[in-house]
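I have a structure I would like to understand better, so I am pasting it below and will then ask my questions one at a time.
Which chain is which? They are A, B, C and D, in the order written, and residues in each are numbered from 1.
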Amino acid sequence: MSVFADAGTRLLVQGITGREGSFHSRQMLEYGTRIVAGVTPGKGGQTFEGTVPIFNTVADAVADTGANTTVIYVPPMAAAAAIIEAADAGIPLIICITEGIPVMHMSRAMPFVRSRGVRLIGPNCPGLITPGTRTKVGIIPGNICSPGRVGLVSRSGTLTYEVVNHLTRSSIGQSTCVGIGGDPIIGTNFIDCLRAFQDDPATDAIVMIGEIGGTDEQSAAEFVRASVTKPVVGFIAGQTAPKGRRMGHAGAIISGASGTAEEKLAAFEAAGIGVMRRPVEVVELLRARL
Amino acid sequence: MNLHEYQARALLKAAGVPMLDGDVASTPTEAESIARRIGGTVVIKAQVHAGGRGKAGGVKLARNPSEAADEAAQILGMTIKGLDVHKVLVVPAAEIVTESYVGLIMDRETQRPVFMVSSAGGVDIEEVAAKTPEKIVRMPIDPTFGLYPHQALRLAFVLYRDFTQVKAAAKIMAQLYQAFVDNGASLAEINPLITGPDGRVLALDAKIVIDDNELFWRPDLGVLRDDSAELPSEAAARRANLSFIKLDGDVGCVVNGAGLAMATMDLVKFYGGEPANFLDIGGSSSPEKVIAALKIITADPHVKAILFNIFGGITRTDDVASGIVAATSQFKVDVPIVIRLTGTNEAEAFRILGGVGMTALSDMDEAVERVVRLAREAA
Amino acid sequence: MSVFADAGTRLLVQGITGREGSFHSRQMLEYGTRIVAGVTPGKGGQTFEGTVPIFNTVADAVADTGANTTVIYVPPMAAAAAIIEAADAGIPLIICITEGIPVMHMSRAMPFVRSRGVRLIGPNCPGLITPGTRTKVGIIPGNICSPGRVGLVSRSGTLTYEVVNHLTRSSIGQSTCVGIGGDPIIGTNFIDCLRAFQDDPATDAIVMIGEIGGTDEQSAAEFVRASVTKPVVGFIAGQTAPKGRRMGHAGAIISGASGTAEEKLAAFEAAGIGVMRRPVEVVELLRARL
Amino acid sequence: MNLHEYQARALLKAAGVPMLDGDVASTPTEAESIARRIGGTVVIKAQVHAGGRGKAGGVKLARNPSEAADEAAQILGMTIKGLDVHKVLVVPAAEIVTESYVGLIMDRETQRPVFMVSSAGGVDIEEVAAKTPEKIVRMPIDPTFGLYPHQALRLAFVLYRDFTQVKAAAKIMAQLYQAFVDNGASLAEINPLITGPDGRVLALDAKIVIDDNELFWRPDLGVLRDDSAELPSEAAARRANLSFIKLDGDVGCVVNGAGLAMATMDLVKFYGGEPANFLDIGGSSSPEKVIAALKIITADPHVKAILFNIFGGITRTDDVASGIVAATSQFKVDVPIVIRLTGTNEAEAFRILGGVGMTALSDMDEAVERVVRLAREAA
């Protein structure tokens, strides 16, 4: 078992013939992911790597292959439209890797996504991976993951890999790792993932990795206090960042009194979440709780 | 991207928002001739990306063109919060009866534009928000449907009782919303929105922040960027598509991903060091980006040691390795470099580095400890 | 009992100070309808007829008076916006009398109305009346109605009055009469009303009055056949209209093979609906079925 | 309101839809000079609100300017389906490789604009719809969100396989949708959408119907109405805000409400008469409307008797009574008038009529029976 992606995942790749799309599609195939279709308008009828059929539209791909999950690698200016196309075609799970999508585009896309009742993960996220079923959707390096019973959710990309790497090296496997992305507007938040992990019988403990800016970690901590019975450990990046400066992506900005690392860490502690001061500490904190 | 007041005014004017006549000047002479054209008392306002211009002496009254030239000369020589003033805005002095605040932000929580209006305008709205939040009315707008007339009217009724003013303000709300959407703004505000003795409703000052992600396909907005308002190193980083922030320490950091970059800074501090910068080379990085990053960091004389911390996902570690090799062959790096690489294509990356006699570590703590030690030794 | 409007109706009138709005508000008050508020932007604080408070916005009116139904008399160009304002204020039942609203406006307003889960009746309709509780919302003349157990639903305005008049003069009272309007895009259709009358314990029989154009009557007949156990009698106006000409409002146009009076009457007969050839026949057809 | 082809072309051209050059002419000389400017073989097309212009001889080829003048002279004198031709469109003759149909209608059932596209274009699309409906692909568009790029692309893939043509067609879909929405259309179609020997995708013929309800606030569209394309009585009725359709019988009908008006016509037939018209004076009617209605009906020499059938709801029967009194005092009505009034303000209405010695009935069947008998007696 796992959350969001598993052995039943029939994956479509939007932008499969682009530079990023083709590179990571090969990686996903190598890892074991069942990619059933690709979409690149104008290249319908061709195949990717000799095995994956390419379609002109998502609707065609879904009709022909029964794809039930899609991952998006198209360029920023077309990415929100790609999300909408996938939602319109009724794909219940959309993972958008693309970075740099205008926030206004996402603000317009989200009401459409919600109106179709589908789940979007991202954008500007590394996707997810379920090592137990060799199902990788996105760009999380498969070789750093191992099957197990710890669920991981993170706003960050590479910081996630760092933490997962520590887990794997310490023989603590993962049920599913989910990167939710750090953009101002994202489809799936901490609470959505915490709820899924809490309900997942294959997950025994949860790691959440947040950062400065916004109030999502505080809300998530409150949700943990109220509704999560499994042990949770957490990390907040940006503890030493200077206030009022924007750090890399829009998520990492401290505006006013809200969203500092201190606040978030205090919320974690109040909710009984084990606080990691360094990424490596994830191992001992989890060991103490499992 | 922050716009200057005069640029924000131009965008709002194009959307139809009524405001006083006025123009921007780069020299005292220009300011003088604008003041002459306007006639009467004018206000000279420093155009810098900083709040509290008035308190810093960057906003002055001038009763005639010659005073305008004098005040402009004064202000054009100022530095406000570390930023040189290169331009001033010259506008007529307005007689103010009421001052309100009207703002629009792209809100994370509701995932949509949110209006904030308050009849307590003209002062620091953040102070109002903190001390008397009940004086600010917030209204999220669903961008799918846009701003409906009744929403604009409700916001306007918050500010005025006179129905002529209410209608004028409602129209301004709609125009502000349109300017916000059309320009891909993450913030657009009018502060203050005033009424004068004749009852007219006018925007007196405007502020707009454009979402950086819009600029790629909006060259018309991109040209509004004022490079002189940034540190040279930050401007160079932006042109190379790097997220870079100059800090005060001595450990240069090159990291992929904002989260890992912040965690790296945190770890530098943890091991007793001080980061010299935040630098995220982004997801899909090329050797060129690495070269640019190294150039920017080595230009800082305070940097005593450099740390590369790369965890490959979408970033290919071999690209980074190639970039380090290319950079160090192009120009001499005088400070020690500690490289930590792991993830996508790491075997190839180690091979590339090994080819020029460089080595890399796999463990972040180990790498950070080492770079902090090297920086301390060099200091 | 009755449908949509009854003794619990707390009515708001949008456009209460306009020519039509003020005239019909007086008529509604005289009939006995509980009008709790009016809205005319810029006239907030005044009162209508000395008793009904006027507000600047619907939200103010709802907050202050608990209005649960609204009737709209504002001019065509502002009417769709008035519908949206009412829906946005959470009023669960909106009746729009205004005629001449651009269809594109309605096409844009309907998704908003549905997103708020509220019921719109109309536009371009006479509204509804429940004689048993002296509740009139709209413009149906109260003096032609009488309390009773026949429900009536109609696409037409004045033709409805004609039929109701015959009923009343023959001592056949009405539970509720609803005019749904003849515009291309309307909020409530025949089936919605048939379902409500079927479920209403105070209604024993149903009269439906349709006209040429479209396929609503055919769908309604199918619904009657499948789901209505109470007796239904029906009329179709335009039996002698020349084909291909537009008759008065957009509803009354015969496009192609669909929507002729013959087709509709055949559908009525197939569904066991008693067919009136003249309005006056409503009386004997109902008497035969009650 | 139907637009002529040349008017629809102008609206689509403004939206960016690619089409062949061309212009409209009212005289053979104008047609000749347009043909000269275009050069080569041209097509002369009658501009009338009627289908099947080609079969009626209203579309002709002309190989040179002088032939263009001759053909234009011929067509400008024609009457097609009862409508005089006042204008011709002159366009280059196109070499056609493929013909498709692209249409947008405001659909009652889905309550939204619906695209219909078919690669079987160029012929009567209604025939295609009737005989081979599978050749038409329908796609409803939610006007809240507008036409999404992927929707335009899917529609375009229905028509073409070549990706350059697909992209061109997708762009045209977006432009057609924008023109439809911006002009408040209830129908907008391109038939045929062609590809030529060079592979270019072009609109060859265009049709647009504007929702009459839009015209009130869109004077720019209102001026496109061609009064000469209507019967004088119908044009006069429209100007008086009356819904009026001329029929062949002898019983003039003035009714309030379209449903009651149709039921009245049905009842006239039922009692053995023939209605001379459909006339709906609308909901909120004034005495002026009644006067205009009486003028229009009495102008028809076939009318032998006139029936007023007014059931007051939003219509005040006293207004109608005042109108009847005013009209009959302004001009002589030579045929008998039967008045049926009931509903809102009926007592006042009876009083007004009684004041000039007129009487009214309350029962519709009684009134219709009487007017049919009076018409028969007069015939």
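Observations on the model:
Criterion: a contact is a pair of C-beta atoms (placed from the backbone, for glycine too) under 8 Å apart; a residue touches a chain by one contact, two chains touch by 3 or more.
Bear in mind that the values here come from a model prediction, so they are computed numbers and not experimental data.
Among the pairs B-C and C-D, the greater number of C-beta contacts is found at C-D.
As a whole-number value, the distance joining the C-alpha centres of chain B and chain D reads 55 Å.
Computed centre separation for the pair chain A/chain C is 50 angstrom, with centres defined by C-alpha atoms.
Centres computed as Cα averages put chain C at a distance of 28 Å from chain D.
Each of residues 144-145 in chain D touches at least two other chains. Multi-chain contact residues of chain A (touching two or more other chains) are listed as 112. Under the contact rule defined at the top, the touching pairs of chains are A-B, A-D, B-C, B-D, C-D. Partner chain C is touched in their complex by these residues of chain B: 145, 148-151, 153-154, 157, 163, 166-167.
Considering their complex, residues 19-20, 24, 27, 76-77, 97, 99-104, 106-108, 110-112, 126, 139-141, 144, 154-162, 165, 182, 184-185, 209, 211-212, 214-216, 235, 237-242, 245-249, 251-252, 256-257, 277-280 of chain C touch chain D.
Those residues of chain D lying in contact with chain C across their complex are 106, 108-109, 111-113, 126, 129-130, 142-144, 181, 184, 186, 211, 213-214, 216-217, 243, 245, 247, 255-263, 265-270, 275, 278, 280, 282-284, 310-315, 342-344, 364-365.
By the touch criterion stated above, chain C contacts chain B in their complex at residues 41-42, 44, 56-59, 78, 81-82, 84-85, 88, 112.
Taken together, the chain D residues at the contact with chain B in this complex read 144-145.
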